[in-house]
C-alpha cells in the first residue's frame, strides 16, 4: 500500500514535471540566442491552448495540433518584435523584463475578454478513464504528455543540429557578434528562437489542457514553475530541464503528501534558491569563463 | 443605451412627483448606489452574475418609477478580488461619488478590508455573496454604536452546519476528510466545518489544503484515501473543486463530495463533467421556476443577458433580492441618509417578496443575516445542472421558506 | 536656489494639503501615494542605481506590514514601536534575499527575488499561529498623541490643531516621506551611491577598486528593504487591515512600473510614478475621466512631438510614431465602452509605451526636454576650480619589503581552463619602484596574469606573494585593499558616473564614516567627502582632465578614458599599479603624454607592471621586461637584452607559428 502510494505520487509528479520541463525548454531556446526570456511564457501557453479550444471544435484534436503550433510561432514572433527587440538594441535589462510582463498582461486580458474568465473544459482526444498499471493509475493523456514533451524537445534539438537554419541558431547562441559578422541575420534568428519557444509553449498548452483546464488564468503559475525549473536545470542544458522538471514535479507531490499540502510549493523554491546560491549556472549548466 | 432611458426615466419621475406631491419637487436627481465586486479575475463569474442580478432589479425598479420618485443610479467598480483595491473603491464611492448605500462583495477578505470605511461614514452595505461569518459581526454593538453591514447570503456557519448535518446525521458518514483552498474563504470555512463536526462528535480524518490554480490534487486525495475517508467535505471554488472530482476519478476512488455552495459554480459542473455528478451543496436559490416570482426572474435574466444557464444563480438571485430589500428600506425611511436607511433595514415593516425567500423583518438590531439555516436547500449536480437534491424541498409549502424568528 | 525654492514649496504643500482638501478620499489617496513613494524611492536604490530588477519588493513591503500587524495582534505593541521594528525586520529579510545574490545578476537575480517573494507570501499565508493566516489582521489607528493641551497656548493653533489631530496619520506619513527623501538623497550622493552605480556599470572594475560588489549589493538591498519595511508599517496602519494577498507578485510589478514610469535615478520620479499607479485604478474605472486624460496625453504628445520635429528634422519619422500612438490611444478611448474589461490591456500598453518611448521615465523625459532648451537648469555640477594641487594627489605608503626582495612574486603559477593551459608554471619577480614590462604575442597569457594578480582568477597551482604575503585565492576587493590597482585592456570605466565620481569610487577606501554618518550628515561625513573631492580634483589635474570633471565618463574620447582609468587606479593609493595595454588606441601625442605620466607615477615610488604592444613605450619606460609566449616565460631582462633575444623575435615574427600582432 505504502509503496503503491509512493509510486502513484511519483507518476503524477512525472507528468507534471514533464510539462514544467517542456515550458522551461522554451525559456532555454530564447535565452541561448538573445540572453533574454519571455516572462509571459505562461500566457503564451494559455493563449495557444485557448485558440486550440476554439479550433478543436471544428477540426478534432490531431488536426488542431499543427494549427496551434503555427499560431504559437506567430505569437512568439510578435512578442519578440514588440517586447524584446528594442530592449536588446538598447541593452536594457529591465526593458525586456517589463515589456514581456506587459505583453503577458495584455494577452491575458484579451483572453479574458474573448473566452471569458472561467476555466473551460478541453475535450480529451483519448479516453478519460485511467489505466491501471500494477496498481498505479495513469491517465492515457498523461502518457501522451510525457512522450509528447520528450518528442518535442528531441525534434527541436534535431532541427537545431541538422538544418542549416538550426545551425545559425546554434552559432548565434555561441557568439552573437561573431555570428553576425559571419553574415547570419542574428535578429532574425532571435525572432525565430522566440517563435520556436512559443511553439513549445503552445504544444505544452494543448497537451495539458485535457488534463488540467483551460482558461485565462492557467498560465501564470505554470510559467513561474517552469522558470524555476529552467534555473534549477540550467539555462543551457536540455538534459537539465528534463531532470529539473522531474525533480520539481516529484518534490511537489511528495511534499504535499508527506509534509503538508500547504507547503507544497516551498521545497521547489528553496531548491531554486539553493541552486542559485551554490551553482548559479544550474545543476547541468556550464559556467562561462569571465573575460576582462 | 442608458442616457436616453435615464433622461426618460428622470422625466417620468419628475412628472410623477410634481403631479403628486409639490413638496418633494427636488426629486429628480438619482439615488446613487455603489456596486462592487470582482468583475475580472478568478471569481469574476460570481461578481458578474451578482452585478447582472442587481442591474436587473434596478432596471425593473426604475421602470416602475424608482424609489422615492427618484431613479437608482448604480456606480459600478471592479475590486478585482483585491483587498487594497476594495479599500480604494470604498473611499471613492463614499467620498467622491457619495453613494447612499453599497451593494457588494464576493470575497470575504475584500469585505473585511473595506467595510470599515462604510461603517465609519454611516453608509449601509448590503453584502450579497460573501459568506465569511465575521462579515456581519465586525461592527456589532458594542464595537460600534450601529452596525451598517447587512447580508443576503447564507453565512459559513449556516452552510458548514448544513454540510455536516447532511454528511453525518442524514447520510451517516463517519470519516469525513476536509479539502479547503488556502484563501480566507476556504480557511474560514474549514474552521467552521471543524467546529460543526466537533459539535456532532465526529473527527475529520484529515484536513487538506490546495492553492488557487492547482491542477494536480493527487497528494491531497491520496492523503484522504489513506486515512480511509468515506466522504469529502469541500470549501473552495469551481476550477479546483473540479480538479478534486477529476483527481478522484483518476485514482479510481469514489466517495461522495459534499461542500459549500460553490459546488454549484459552472466552472465545477462543466469541468468535472460526469465526475462531478452527485456532489451536493447548500443553495439559497436553484435555477428552477418553482414559484412565479422565480420563473419571472429566471426568464428576465435569460432574456437580458442572453444565457441559458446563469453562471452563478445564487449570486444573481441574492443580488437581485438585495436591491429590493434596500429599496424597501429607503422607501420606508423616506430618506437617503445612511442612519435612517440603517434604522429602516433593522425594522423593515412590509414584506418584500424576493426570489430566494420572502423577506419579512429580515434584520434586527442584533441580527443582520437575512438567511437562517432553514432557508437553504441542498442542490445536487446532475447532468450538468444543479437540481434540488430532494424535490420536496422546493415544492409545495416548502417552496418559499421563511426566516425563523427567535 | 531654484532647487531650495521648489523643496520649500513641496513641504508647504504637504503641510497645508489637508486644510485645502477636506475629502477623506483624497487625503487617503495622498497617504497611499506617500507610502508607495517611500517604497519606490527605496526600490530605486536597487533598480535605478545598482541596476538589478527586484520582483520581491512586495514581499519586503509585506514583511514590514506584517511586523506591525503581528506586533499589534500578538503583543499589543502600537504604532511607534512597530516603525523601527518593521524597518529592522524588513532590512534583515533584505539581507537574506541578497545573500543568494552573491553570484547572480540579471534575470537570475530577478528570479531569486521572485522566488523569495513567493516563499514569503506562502509563509505569511501558512504561519497561521503568527500571522493569522489568510484571515488577515485588523489594526486600529489609535490617537498617537493628544495635542489638545497645546491648542490652548496659541489662538492660531486652536484653529489648526483639531484638523491636524484628525489628520495626524497623514502628517506622520508625510514626515516619513520627507525623511526618506532626505536620507536617500544623502546616501546616493555619498560614496555608497557612487558604489551602487559603479557596480552596475562595471562589477569587475568595482571589485578591483576595493569596492566589493557583493557587500554593496547586499547593502543596497538592505537599505531598500528597510524603506520597504517602513512603507509596510505605514500601509498596515493606513489600511487597518492586511492579508497575504495584499503582497503578491503583481504588486511588485506595480512598484517597478512606478519607478520606471516616474523616472529612475531621481527623487521626483518615484513619487510621480507612485501617484500615477495609485490613481490608475480609479482612472481606469471611470470612462469619462479616462477620455479626458487620454486627450491631455495626446495634446502633450502633439506639442512635444511638434517641437521636436521642428528642431530635429532628421528624426521626424522616429518622433512621429509615439505621437501617433498617443493620438491612437485617445481615439481608442472614445471607442471603448466598458473600460473595466480592458483595463489590464490599457495597463499593459502603458508599460510597453514607457519601456519604448520613456525609458528614463516621465521625469527623465522632462529633464531631457528642459536640458535641451536650458541645459543649466538640469545639470548638477560640482565646482572643482581652485581645488586640487599636486601635493594632495599622493598618499601611497612605502612598500613593506626588505631591500633586495621583490614587491611581487609569482612562483610557478599554472592557470588551467579546461584543456587550455593559459599560464604554464610562470615565475616573475617585480622589484619595488620598478616598471616591469610584460610582453608577448596575443594569447600568450599576459591578461591572464593580470587577472590572476587581481583575484579575478584563482590560479590552479602556484603562489602569488605580495609584500611577502600570499594573495592567491583572495577576492579582488581584498587584493585591491592590499594595495594593487589596475587598469583594463578594454576600458572599464563607470560610464554613467562623471570623471570626478569615477575617481571618488577609487577613493572609497579613504572613508571611515558609516552609513549612519551619511544619513545624518555628521561633520565627519562632510569632512571626508570634502577631503575626497579635494583629492579627486588633484588626481584629475594630474592626468589633465580637470576641465572634464563633470562630464560622464562614457562621453570622453577614448584616449581620455584611458587616462581617467589610470587616475582612478591611482586613487586607490596603490603600491603596485598594473597597466593593461594603456597605449592601445592612443594617438601619438597621447602616447607621449602617457609616458610622461607613467614616469611621474614611478617618481612617486609606485611600482608598475605594464602590458603593452607598443614597443617604444615598453622600451622607453620599463626597467625590466618579461616575455610570455603560449603561457610560458620565454625571456626576461633589460629591454635592450630582451629585444635582441632570438626566441622573442621568433615568437613575434613567427618562425613556426605566424601570429604577429
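Per-chain numbering from 1; labels A, B and C assigned in written order.
Note that in this section contacts are C-beta pairs under 8 Å (C-beta built on N, C-alpha and C of every residue); 3 or more make two chains touch, one makes a residue touch a chain.
What you see is a predicted model; the values in this text were computed from it and never measured.
Because contacts link each chain to all the remaining chains, their graph is best described as complete. For the pairs A-C and B-C, the larger set of C-beta contacts lies at A-C. Centroids built from CA atoms put chain B at 39 Å from chain A. Per-chain CA centroids place chain A at a distance of 33 Å from chain C. Taking each chain's centre as the mean of its C-alpha atoms, chain B lies 52 Å from chain C.
Multi-chain contact residues of chain B (touching two or more other chains): 40, 182. Residue positions of chain C touching 2 or more other chains, listed in rising order: 125-126, 341, 343-344.
Multi-chain contact residues, meaning those touching two or more other chains, occur in chain A at positions 109, 112, 260, 262, 265.
If you check the complex, the residues on chain B that touch chain C are 39-40, 76-78, 82-85, 87-89, 91-92, 94-96, 109, 112-113, 116, 134, 182-184, 186-188. Of all residues in chain B, only 40-42, 44-45, 48, 182, 208-211, 213-216, 218-220, 222-223, 226, 238-239, 242-243, 249-252, 266-267, 270-271, 273, 311 touch chain A in the complex they form. By the touch criterion stated above, chain A contacts chain C in their complex at residues 31, 35-37, 82-83, 86-87, 90, 92-95, 97-99, 101-106, 108-110, 112-113, 224, 227-228, 231, 260, 262-263, 265-266, 269-270, 272-273, 276-277, 280, 289-290, 292.
Contact residues of chain A toward chain B in the complex are 1, 5, 8-9, 12, 15-16, 109, 112, 116-121, 128-130, 132, 137, 139, 208, 211-213, 215, 217-218, 220-221, 252-257, 260-262, 264-265. On the chain C side of its complex with chain B, the touching residues are 23-26, 28-29, 32, 125-126, 128, 133-136, 138, 239-243, 245-246, 281-282, 285, 340-341, 343-344.
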